[in-house]
Structures are given as structure tokens and as C-alpha cells.
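So that you can tell them apart, the chains are marked A, B, C, D, E, F, G, H, I and J in the order they are listed, and the count of residues begins at 1 in each.
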Amino acid sequence: MQREDVTDLIVLQKIKKKLTWTQLAEVIGHSKEWSTAALLGQMTLTEAQAKAIGAALDLPEEAIALLQVTPYKGSLPTAVPTDPLIYRFYELISVYGTTFKALIHEEFGDGIMSAIDFNMDLTREPDPKGDRVRIVMSGKFLPYKTY
Amino acid sequence: MQREDVTDLIVLQKIKKKLTWTQLAEVIGHSKEWSTAALLGQMTLTEAQAKAIGAALDLPEEAIALLQVTPYKGSLPTAVPTDPLIYRFYELISVYGTTFKALIHEEFGDGIMSAIDFNMDLTREPDPKGDRVRIVMSGKFLPYKTY
Amino acid sequence: MQREDVTDLIVLQKIKKKLTWTQLAEVIGHSKEWSTAALLGQMTLTEAQAKAIGAALDLPEEAIALLQVTPYKGSLPTAVPTDPLIYRFYELISVYGTTFKALIHEEFGDGIMSAIDFNMDLTREPDPKGDRVRIVMSGKFLPYKTY
Amino acid sequence: MQREDVTDLIVLQKIKKKLTWTQLAEVIGHSKEWSTAALLGQMTLTEAQAKAIGAALDLPEEAIALLQVTPYKGSLPTAVPTDPLIYRFYELISVYGTTFKALIHEEFGDGIMSAIDFNMDLTREPDPKGDRVRIVMSGKFLPYKTY
Amino acid sequence: MQREDVTDLIVLQKIKKKLTWTQLAEVIGHSKEWSTAALLGQMTLTEAQAKAIGAALDLPEEAIALLQVTPYKGSLPTAVPTDPLIYRFYELISVYGTTFKALIHEEFGDGIMSAIDFNMDLTREPDPKGDRVRIVMSGKFLPYKTY
Amino acid sequence: MQREDVTDLIVLQKIKKKLTWTQLAEVIGHSKEWSTAALLGQMTLTEAQAKAIGAALDLPEEAIALLQVTPYKGSLPTAVPTDPLIYRFYELISVYGTTFKALIHEEFGDGIMSAIDFNMDLTREPDPKGDRVRIVMSGKFLPYKTY
Amino acid sequence: MQREDVTDLIVLQKIKKKLTWTQLAEVIGHSKEWSTAALLGQMTLTEAQAKAIGAALDLPEEAIALLQVTPYKGSLPTAVPTDPLIYRFYELISVYGTTFKALIHEEFGDGIMSAIDFNMDLTREPDPKGDRVRIVMSGKFLPYKTY
Amino acid sequence: MQREDVTDLIVLQKIKKKLTWTQLAEVIGHSKEWSTAALLGQMTLTEAQAKAIGAALDLPEEAIALLQVTPYKGSLPTAVPTDPLIYRFYELISVYGTTFKALIHEEFGDGIMSAIDFNMDLTREPDPKGDRVRIVMSGKFLPYKTY
Amino acid sequence: MQREDVTDLIVLQKIKKKLTWTQLAEVIGHSKEWSTAALLGQMTLTEAQAKAIGAALDLPEEAIALLQVTPYKGSLPTAVPTDPLIYRFYELISVYGTTFKALIHEEFGDGIMSAIDFNMDLTREPDPKGDRVRIVMSGKFLPYKTY
Amino acid sequence: MQREDVTDLIVLQKIKKKLTWTQLAEVIGHSKEWSTAALLGQMTLTEAQAKAIGAALDLPEEAIALLQVTPYKGSLPTAVPTDPLIYRFYELISVYGTTFKALIHEEFGDGIMSAIDFNMDLTREPDPKGDRVRIVMSGKFLPYKTY
């Protein structure tokens, strides 16, 4: 059993038990964004979180153990994602990549927005012309160290 | 002269004239996010906008004409970006890609967040532990049509 | 069992039961184009549709459950398809890609043809010099939002 | 001067002279789809067509000569297109590729839809919920020869 | 069981039964070139042909069924083949590709040699300096349709 | 000036002087297949051949010198060719690659068909259903040496 | 003039003036590691630093301006570097990549070593069996934020 | 059983037995850096070391045998690593690659830092602003031989 | 069972029986270079050789049969090898590729060194400064045929 | 002027002055193998060598300066070489890669053959069945350091 097998098992058990990602996030005790990423093999659970999820989803001991090991991250099978929903995010980087760079450097100087000291919130934005997906990302600005 | 040459010229003239992207956005009359993307060859200017920018940056006639032509979009030289600032956004998709997918489908059903009927806002988020980059993205949810 | 295994199973059961894609589409209650895409792992079935297909093809419970989960889309094993029938469509984009772009922008301005709010119809076009494949595609034009 | 330089020149002269692709197609005497593809370096003009276009766009002799040479086809700079409008067509093949294959084989047997004995028509489809792009493709079915 | 498994099984059974591709082609009733391609998963057998091969090679029912389904074509694991015998053919295209193009266009005008309405014959050409492989390819010329 | 520039120059001068590849082959004194490949930068001319071509096409001294240098071979800009005429040859290898391998090994044992001690002949094959391109390839079989 | 042209110019002027990277670092006032990276287009100089380098290397005004703009980072022409010296570093990541991961997670938990809040020192390590290259890297550990 | 299966088994047994890489390194008798790399399939153990590890982790005989065979090295599934911790090292090479090259050549002349006659040490560097990862690499300089 | 499985089995049995490649070559009756390549799936054994190896390594009948089938050659999992020992050979081609070409053409004219009519010998070259690997390659020169 | 321009200039001047690589090697005072590699941009010349070559080939001062700078190595435009002569060497690694690995490890243990402390000799090997290219490679064996 490897970490990917645990992910497959989680997805299947979640369907069978008719649980939502939001409900599983409550079991973990963190936001739905962080928790879903963790369950999909991108974050590391504590022993207590892993056991709680194991109980909620009837996972075997080995799976519970693997949930506590830092996974090899990267959730996509190809460098350019084929799934349309995920591709749109890739497209935003393709189209706006140099814009992100220009505006962050203009505001902060040389450095990056951290993808580690990072959090985000994904919500439904009601709109009469059709509801919208609203994502708020917040990452610490890290200036390039000079030395 | 091709559209990329116009971009190079814009960047150079902007430096010489010590203008900011925010100031150029005011010339265009749209947000700094959309305007910078347009100047970097990803959006299309109206004739009035192109002339205003041409005047602000001393661009030749040919450049002003090309700014009104819809460009071949995609601002990055490689499929996986090498620039660290831009790569962090790619990494977010790599790490959170399946999470975006899971949560948007849970909330909205099968479909995507539009990257066309889309807007965003990039601001500085003051924080005692180090200021943060805050990006608010809003894209219309488009459900897959069944037929 | 993963979604790909369900697709393999569907293809095999369809052969054994000598059913056509058109017949399966009738079971689902949508066009043959949308229904075939759904069965091949690109669209999401409702519970009723999944059960009807499960009954028609003797699928196990787990498969019926997976048919109701939005799949990770993308039906091709390589970025440039090797199958000659599918390659011809890729070639059309390679040859006509910039033409699509030029003509749609000329008619509609900057924006795209939606691949989500999209439908198509594939029929036989009788022709004395050899029958033809006729495909009618219709996608909503989405203008780039300015902001 | 190479064929790509002729394309660049055509695009620039077309802007300066404020001509549309549809108008240029009338000069050539074919549909806007075939004519635009030809001008963008994907089809071959006759001597008369090349001279007419040369006159309409003030092209030099060398360009008029090159328009009559069959070009090395392929209009896109990367295997997976980055431009959002063109990508949506690529996505349709990615999502519907195996569906095209299944349905054409079901209707016609083993073979392909020709991309050579092919024509298409791109029009605006008025729709109260937003106008649509309508593309009708027609390609001769070519059965695999057995021998 | 998928089509690739059928190919593996055919290769193994052929070794065990000490049959040649030429003998199997006689069972199918077509040339050795077409028949071998079919057995290697690139062409579609009729029910009668599939049953005859099934009998000759002791294949299970499921394999016989799959032989009648049009396969996803493409017999090579990588875009540039590593096997030296197959690579030499790739090299011929790499070296002579633009020559094929120049000479066919010179003789026939713009169009292609069909790979569908195509046949070939591979024979031994006795030669005192070392026997040669002789391959005669014949493909219908398809002119680009203008419209 | 590099070898590619000589190729561009040859193509342009050939158009201006309205010469065919067959006529240029007569100047060189070899088949149209070998000669065209040589002019397109894939084979090496002797001093006499280079001078004759130089005279026929008004090439400068430097170009005549470069025609006598063995070129870096490979005539295609991408590993998988985008041009439809050339792609069909690539497709033949993709579809028939393992068939070539099976049949040549069956007839000759382990080894390859040489792409160096190789010649070919491309002709028009009249056919009432549409003329065909006929290509006869002949390459020496080279058995793998055991040692 | 683009940033890459400035890099080429710096390399050439440095040769002509027989200056070392260490001497140029003294002009900049930072370590030789940071300074060389900056001159090779990977870091951003202040106005004073840019002017000092401009004076030392006789750079034109435009180059001095560009040295103050944050560059698009990434110094290598291919994803897998071909230069043997640089490849050895790539090889270290290939061989030791999972080791870095295992040991840093064991010591620090889930997170990364920053490549932004980072410094390094490259020195000669005398050794009787052959001098060694000694590189000390120091990057801030950034723990994954949970939220 | 292949070498990768041994790696998977080692990782799983290590979790179950709650052992650290550092403890396993003590079993092997080398540094934690070399030992972890060896256990992760990048170095070769002696018979004594393999048996000791086998005893510590309850590995089967076959696994112990495979630990003594030099493995096919390379620990990453993709050329550009997706895991953020490992990617940062790749980024360092991307950003600092030409700097490494410039400074090592300036100090040592043409040659490389060996990745074979190489050792490294990874430690925690306490820092009031946040602890740091400190890596000391030492590789023998190998000058290019002239001959 | 496929040819790769036979290779895996050979490697495992060789370890268990503590045999060397040189000893296995003696069983085959050819050089260690050719024999090892054959056992690793790159050359074809005769029936007698296959049976002898089968006896030496306790291989099943099916494996012995597969050893007599010409394999699909290419022993490496990636186009650019990750294993450091094998990479060094790739690097030699990267660095010396154009040198091989220049010197062979200078000595022999246009043509290639055969990789089929080829043999090599790999030995230890004692050297007081450290023993060396000595590889003597010998391939027949094949001149390009003109026609 | 960059290093590649110097290579182009060297090749052109060499043709004009009808010099051989062997003669140029005598000017440099090293073997034809090392010297050709150096002139083709893969090794570094001393000041005296660069000046001697500059005089022999009438190179400008700037070129002579650049010949003394260690170049960014790698002489091939693509990862898999298209030129048939160079490809054969790539094919040898593809076919014999795992054989090199097996035999060197068997003889020397874990380590590599150096491509830096390396020399080679390329000669004509007369043979009544056709002369052969003989290449003797000698590289120092470097054992993996344990620590």
C-alpha cells in the first residue's frame, strides 16, 4: 500500500458513506481547503487527525499510518493538466503570469508570494447573472535575501 | 514589428519614463490587473485606450495599431514556468489542483470556473509577521451543458 | 476500482451484450454525443442515469457509484493523439487554429467559444462521391470581461 | 523572406488598410474559412489569387511568389496551444476524442474523417442567452483499405 | 482484458504454436502486411476472421470479441521509437520528410498521400552485395479541397 | 551564412527561376529523390555538383562551398511533424512500426533495413479511382553482428 | 535591448577588461555568489549598484536601467541542463532528492527549505588527494501553514 | 520483486517500527545522508549492511539480496520535480546554475565538481528569525583532461 | 509473461545463484558485451543458447521461448538517462557529438559508423593514478549511397 | 558575438582556407579529438592556443578572447539527436546502456567511468569487408564515496 492507494480508498469510502469534503474537514478540524488537500495526498495529518479520519472512513491501520507521513506532493498526472476545471487555473497563470510578476514586484520589490505560508478560501459568490466561484488567496511575501 | 516587440517596447519606455503599471492602468481606465495583462500582450485595447497609451509611452503608429489586435495569448516561454514568483502559482495548482476540483464540484456540480468571465484583485495585506500578498479571484461558474 | 476501470468494464459489457452507443444513449436519455462521452469517463451521470446504465450493462454497485462522481477529464493517453481518426481532429486545430481565432475575433471580438456551454451533433452526410461525416458544433461565445 | 514573414506582412498590411478576413476572402474568391487559412500560411494560392491579394495588400513580388508555394503546415507554436480560444478546441478533442472515435466507427466502420477532403463553415448563431459560435464541419469518410 | 492483452496473448500463442505471421495471414485471408498489423492491434477483423484466428491460436471468447472492435491505433511506446529497426523508418522521415513533400507537391499539387487508402508490400530483394528489404507503398493522392 | 540559409536561398531562387526539383536533379546528375534531399540540406554534393547548382541558381561562392560540407541532418522542426503530408508518413510508422519489425525479422532474422545503403523511387501510379503515390524503398538488410 | 542582451554584454566587457566575478562583486558590495547571480540576470540591483557596475564595465544607460528591473529568472536553456558542471548539481537532486525530503521532514516536519531566504558560500577546500569544491547552503525552514 | 518494491517495503516497515532514518543510518554505520540515499535505492549496501538492515526492518531474503545490487539511480518520477521541497533544490540550480559555473571555473579552471567523490551534511541551524536548513556539500574538483 | 519479465527474472536468478555476467556469457558462448545485452533484452538468442541459459538460471519454458524472439530494443526508461553511470555516456555524445561527426566525415566522407555491424570490448585499464575503464568500439563505416 | 558565433565562424573559415580538423589540431598542439571538440565550443583554449588558431583562421580579437572562456557545453540542438551519424551513438547507449552498467559494476563495483578524466582516439580500421571506425575510449573509474 502506497499513499496513492490511500487516496483512492478515501475517495471510494467517501462515496459509499455519502460524506462531503466539508464534513471530512470537520473531522480533521481545519478548513475544507487544507483538509481536502491533505486527504488527497498533499498535506500531512497528525496522529489524532489520521485516527479520526480512519474512524470516519473505516480505513485500515496501514492507511492511518501513511496519512501521518509527509507525502510526495503534486496531485496532477501531467505537467499541463487535461481536466478542464483544473486547466482554467493553469490558463490563468499562462495569461496572467507576467502580470502577477509585474504587480507583485511593483508593490513589494523582488521576491515571491509564499505557497507554503499560504491559505485560501473558496466560496460561492451569488450573482444574478450566474453565481461565481470566489477564491481568496493569501501568501506571505518573501523578499529575496541579499548577502 | 510583432506584438511581442510592442511588449518589449512598452517595458523599456515604462522604465525610461519612470511610470508604474498602476499609472498606466489609469491611462487605460481599467484595473491594474486587466491593464497590465493587456500591456503585456494578453488583452485587447480599444482604439482610444491604445492611443492614450501610445501618447503616454511615445509608441509608434504601428505599435498603437497592434495593441488593438487580439493577441495570441500565453505569456510564458515554457510550459512549467522557471521564474520563482510565477512558479509558486504553478505549484499551487500542482498541489491544490485536485482540491479545487473536489470543492467546486461539491459546491456547484460538474462544470468549471470561467477564466474569461473572470476578474481579480491583487493587494498588500498588512501583517505583523510580514505583509502578505492577497489575491481575490472571481470567475463565473459555468455548468457543463447536457444535451 | 477507479473510474478508468469502469470505462473498461463498460466497453467490454457493451461488446458482450451487443449494444450500440446509440442504444446506451437512449438508456441515459441524452444525445449519443453527450452520453458516449459520459460513459467514456468525461461527464457525470445522475443517480437515475447511473442505475439505468448499471442495469443495462450489469455493472457492480461500485461502478454505479463512480459514474455519479465528476471524473478527472481528458480521454487521450498522449498530448498529441496517435490514433489516426482522433489525430485528424488534432490536425484540424493545427492547420486551422489561427483561422478559428481570426474569424471568431472578427465576428465577436476578444473572447472564446465555450467548450462547456457546448453541444454537438455528429451525423452521416450522404454524398455520391462518398458519404461524409458531418459535425455541427455550437458553443456559447464568451467575451473577455474587462474590469 | 520565408513564408512566415509573408504571414506577418499580411497581418500588418491588413490592419493598416483596415480590411477584414471576409473582404480578403472575396478577393481570393473562396470561403472566409479556406481563404483565411491560406493567408495564414496553411493553403496554397493560385497565381491569380496571389496576385489579387498582392494588389489588395501591397505585397512585394517575392511574397506573391511564396503564396503560390505549398507551405509547411501547422499554425501553432506549441503542441498544446496556449491561446485560450484555440485551447478550447484542443480541449474538445481531449474530452470528446474517444467519443468521436466510438461514434464514427459505430456509424461507418473502421476509417477516418478526412481533414483534406474537408470543408467547414463558421457562423454566428443568435441566442437570447448569448450568441453562439456555430461550426459545421464536413469531411469525407475514408474507410481503411484491406488488402 | 484490454486490446493490448490480446496482442500479448497472440504473440505468446504464436511462439508456442510455432506459427509465422505469413501463416496467420493465410488464416485471415489478407496480405501478411495488413494481417500482421491487425493482429498487432492496428486493424479490425471481421467476425469470421476473428473466429478463425481464435481457433488457430486458442484464444478465449473475450479476445475474439475484442479483435472485432476498432482499436485505439498507434503501436509504439514513445514518440521517437527506440527500437533500431523501427527507428530507421523514423530517420527516413526525418531525413527525407521535406523531400517527400517537395516531390509529391511538384507532381500532384497541394494534398497528401493517404495512409488510409493505402497498401504496401514488403519483400526480400536478392542482391549479390547483400539482400535488400524492398517495400512498395501505394497511397491514394488526396488533393486539398478548396471551398 | 549557415547551411539552412543555403536551403532557404535555393528554395527562393528555384521559385524565381521557375525550375523544378526534377530539373535541378538533372543538373546534379542523380535521381530526383537523392538530389532534392541534397538541396534541402540532407546530403553532400561534390565540388562539380555544387558548382553546377550554383550556376543554375546564381548562388554565391559561400553557398557553393557549404553545399560540399556534410550537413547536420534532420529536416523537420519538431519530433512529431505537423505538416499533414509528412505526418502521414509518421503515422504509417506509428501504425505499422511493429508490423515492419515482425515481418522483417521473420524474413531476415534480427537486424535492420539500412537507411544509409538505401534508395527510393517516388512515382505517380495512375488509377481510375484517383491516382496514387507509389514509393519503392530499397534498403540493404544488415544483420546484427554477434561477437 | 532585453535583459539577456545585458548579460551578454556584461560577459563580453568582463573579458575585455580582464575583471573577475569576485572583483565585480566588490563593486556591487555583496558576496560573489549573490553578485554573480545578479549580473547573470537572476537578481535585481539597486540604482547605486547598477551605476557602479555600469561604470566598471562601460555599460550604456539602457543596460544600467534594465539591471534595476526584476528579471524573469531561470538561467538555463533546457529543463535538464546539458553543461556537465551544471548537470552534476541536477544529478545530485536526482539521486539525493528523496533523501533531502526524508531528512528535512524528519528534522523539521512538513515544509521546505526556502530558496528565497537563502544564502550560500562557495569555496576551495584544499585536500591532498585533490582540492574540493565546498558549498555551504543555508535556507530558512518554512513549515506548511495549517488553516 | 524489484528494487523499487524494496524501497516501498523499507518505507512501510520503518513507519510500523517507528524508526528514524538516523537510527537506520546507525544500523548501516554511515552518515544519515548516504544511508538514507542507499535505503531509498540510490547506493549499494555491503552484505553485512544489508543483513543488518534486513534484521532491523524484517525484510525478506530477496530484499536483502537486492540491497546489495547496484541500483538504477534516479529517485524522481519526473524530470522537473513536482514536490515543493525537492523543487526548491531544482530552482536553486535553475537560478544559480550559471553562477555555480562561473565561480567554479574562475576558481578552478575548466572542470566539474564531482557528484561521485562527494559527501554532504544536512543539519539544523538555529536562528532567532526561524531555524534554517544548512547543507554542506563537498565534491572533488575534477579538471577536464587535455590530451 | 513479456520480455521485460524475463529480464527481471534473469537478474533475480543471477543474484540468487551468485553468477556473474561473464559466467553467463560463457554459457552463451559469446563475448560478455553481446551476451549481457542479449540477457538484458537487446539481442536474440538461438534455441541452443536460450536452453543453456534456461538451464543455468532455472528459467521456465515460456521464458526460454521468449529469449528466442527478437525483442523491442531500447534498455532505458527515459530519453535522457538518469543513472549517473549511463548518463556519462550520454554526456559524451552531448559534448563530443559534433566532434564524432566532424572527424568521421573528414576521414571517411558522408556516412555513418554502423551500430549493427558493431562490436565492442570493455576492459579494466590499470593505472597508478586510478584504474580506468577502457572501451574499444568498432563499427563498419557505411557510406551514404548516391543514386 | 557569442561562443556559437565563433563556432560558425571557425567552420566557415576552415572551409575557405581548406584546412582539416587534423591540421587545426596541430596548430593547437593536442589530439584531433580534443582539439576539434574545443573548436566546436566544448573545451577551453589557453591564450597561446587561441591566438594560434586566431592566426590560422583569421579570427577577430573578440573571437580569440571568447575561445579562452569556458563554454556552456552541449553540442546538440535536441535531446535525441536527429543526425544519423550522431544518432547511432545515442542508439548504442539506448541498446547497451544497461550492459555498460552491468559490466562496469561487475568489474569495479558501484561508481562511474569519468567523462572528464577521459580521452579517446578515433581511427580508421582497415577491413577487407569494408573499413571500420574504431574508437578507443578511456575514462578513469570513480568509485562512489561512502561517508
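By definition in this document, a residue touches a chain if its C-beta (ideal position, glycine included) is under 8 Å from a C-beta of that chain, and two chains touch if they have at least 3 such contacts.
For each chain, UniProt lists the protein as follows: A, B, C, D, E, F, G, H, I, J = Cyanate hydratase.
Predicted model, so just to flag it, every value in this text is computed and none were measured.
Colleague: When every step has to jump to a touching chain, what is the lowest number of steps that links subunit E (Cyanate hydratase) to subunit J (Cyanate hydratase)?
Modeller: Steps on the shortest route: 1.
Colleague: Going by average Cα coordinates, which chain is farthest removed from subunit E (Cyanate hydratase)?
Modeller: So the chain farthest away from subunit E (Cyanate hydratase) turns out to be G.
Colleague: Counting only C-alpha atoms to place each centre, which chain is farthest from subunit I (Cyanate hydratase)?
Modeller: B
Colleague: Just curious, how far off is subunit H (Cyanate hydratase) from subunit C (Cyanate hydratase) if you go by their C-alpha centres, in Å?
Modeller: 46
Colleague: So, what's the distance in Å between the C-alpha centres of subunit I (Cyanate hydratase) and subunit E (Cyanate hydratase)?
Modeller: Going by mean C-alpha positions, subunit E (Cyanate hydratase) sits 29 Å from subunit I (Cyanate hydratase).
Colleague: Listing for subunit G (Cyanate hydratase): what residues touch at least two other chains?
Modeller: Each of 33, 72-74, 76, 79-80, 82-85, 91, 94-95, 98, 101, 105, 111-112, 114-116, 118, 142 in subunit G (Cyanate hydratase) touches at least two other chains.
Colleague: Going by the touch definition at the top, which pairs of chains touch each other?
Modeller: Between chains, contact exists in these pairs: A-B, A-C, A-D, A-G, A-H, B-C, B-D, B-G, B-H, C-D, C-E, C-F, D-E, D-F, E-F, E-I, E-J, F-I, F-J, G-H, G-I, G-J, H-I, H-J, I-J.
Colleague: Taking the touch rule as given, give the residues of subunit D (Cyanate hydratase) at its contact with subunit E (Cyanate hydratase) in the complex, in rising order.
Modeller: On the subunit D (Cyanate hydratase) side, the touching residues are 30-31, 33-34, 43-44, 70, 72, 98, 101, 105, 109-112, 114, 116-119, 142-147.
Colleague: With touch defined as at the start, can you tell me which subunit C (Cyanate hydratase) residues reach subunit A (Cyanate hydratase) in the complex?
Modeller: Counting only subunit C (Cyanate hydratase), the residues touching subunit A (Cyanate hydratase) are 1-2, 62, 65-66, 68-69, 72-74, 76, 79, 115-116.
Colleague: Touching residues of subunit A (Cyanate hydratase) toward subunit C (Cyanate hydratase) in the complex: what are they?
Modeller: Contacts found on subunit A (Cyanate hydratase): 8, 11-12, 15-16, 77-78, 80, 82-85.
Colleague: Provide the residue numbers of subunit B (Cyanate hydratase) that touch subunit A (Cyanate hydratase) in the complex, in ascending order.
Modeller: 20-22, 32-33, 36-37, 40, 42, 73-76, 79-81, 83-86, 88-108, 111-115, 118, 120, 122, 124-125, 127, 129-142
Colleague: Give every residue of subunit C (Cyanate hydratase) touching subunit F (Cyanate hydratase) within the complex, in rising order.
Modeller: Where subunit C (Cyanate hydratase) meets subunit F (Cyanate hydratase), its residues are 80, 82, 84, 87, 91, 94-95.
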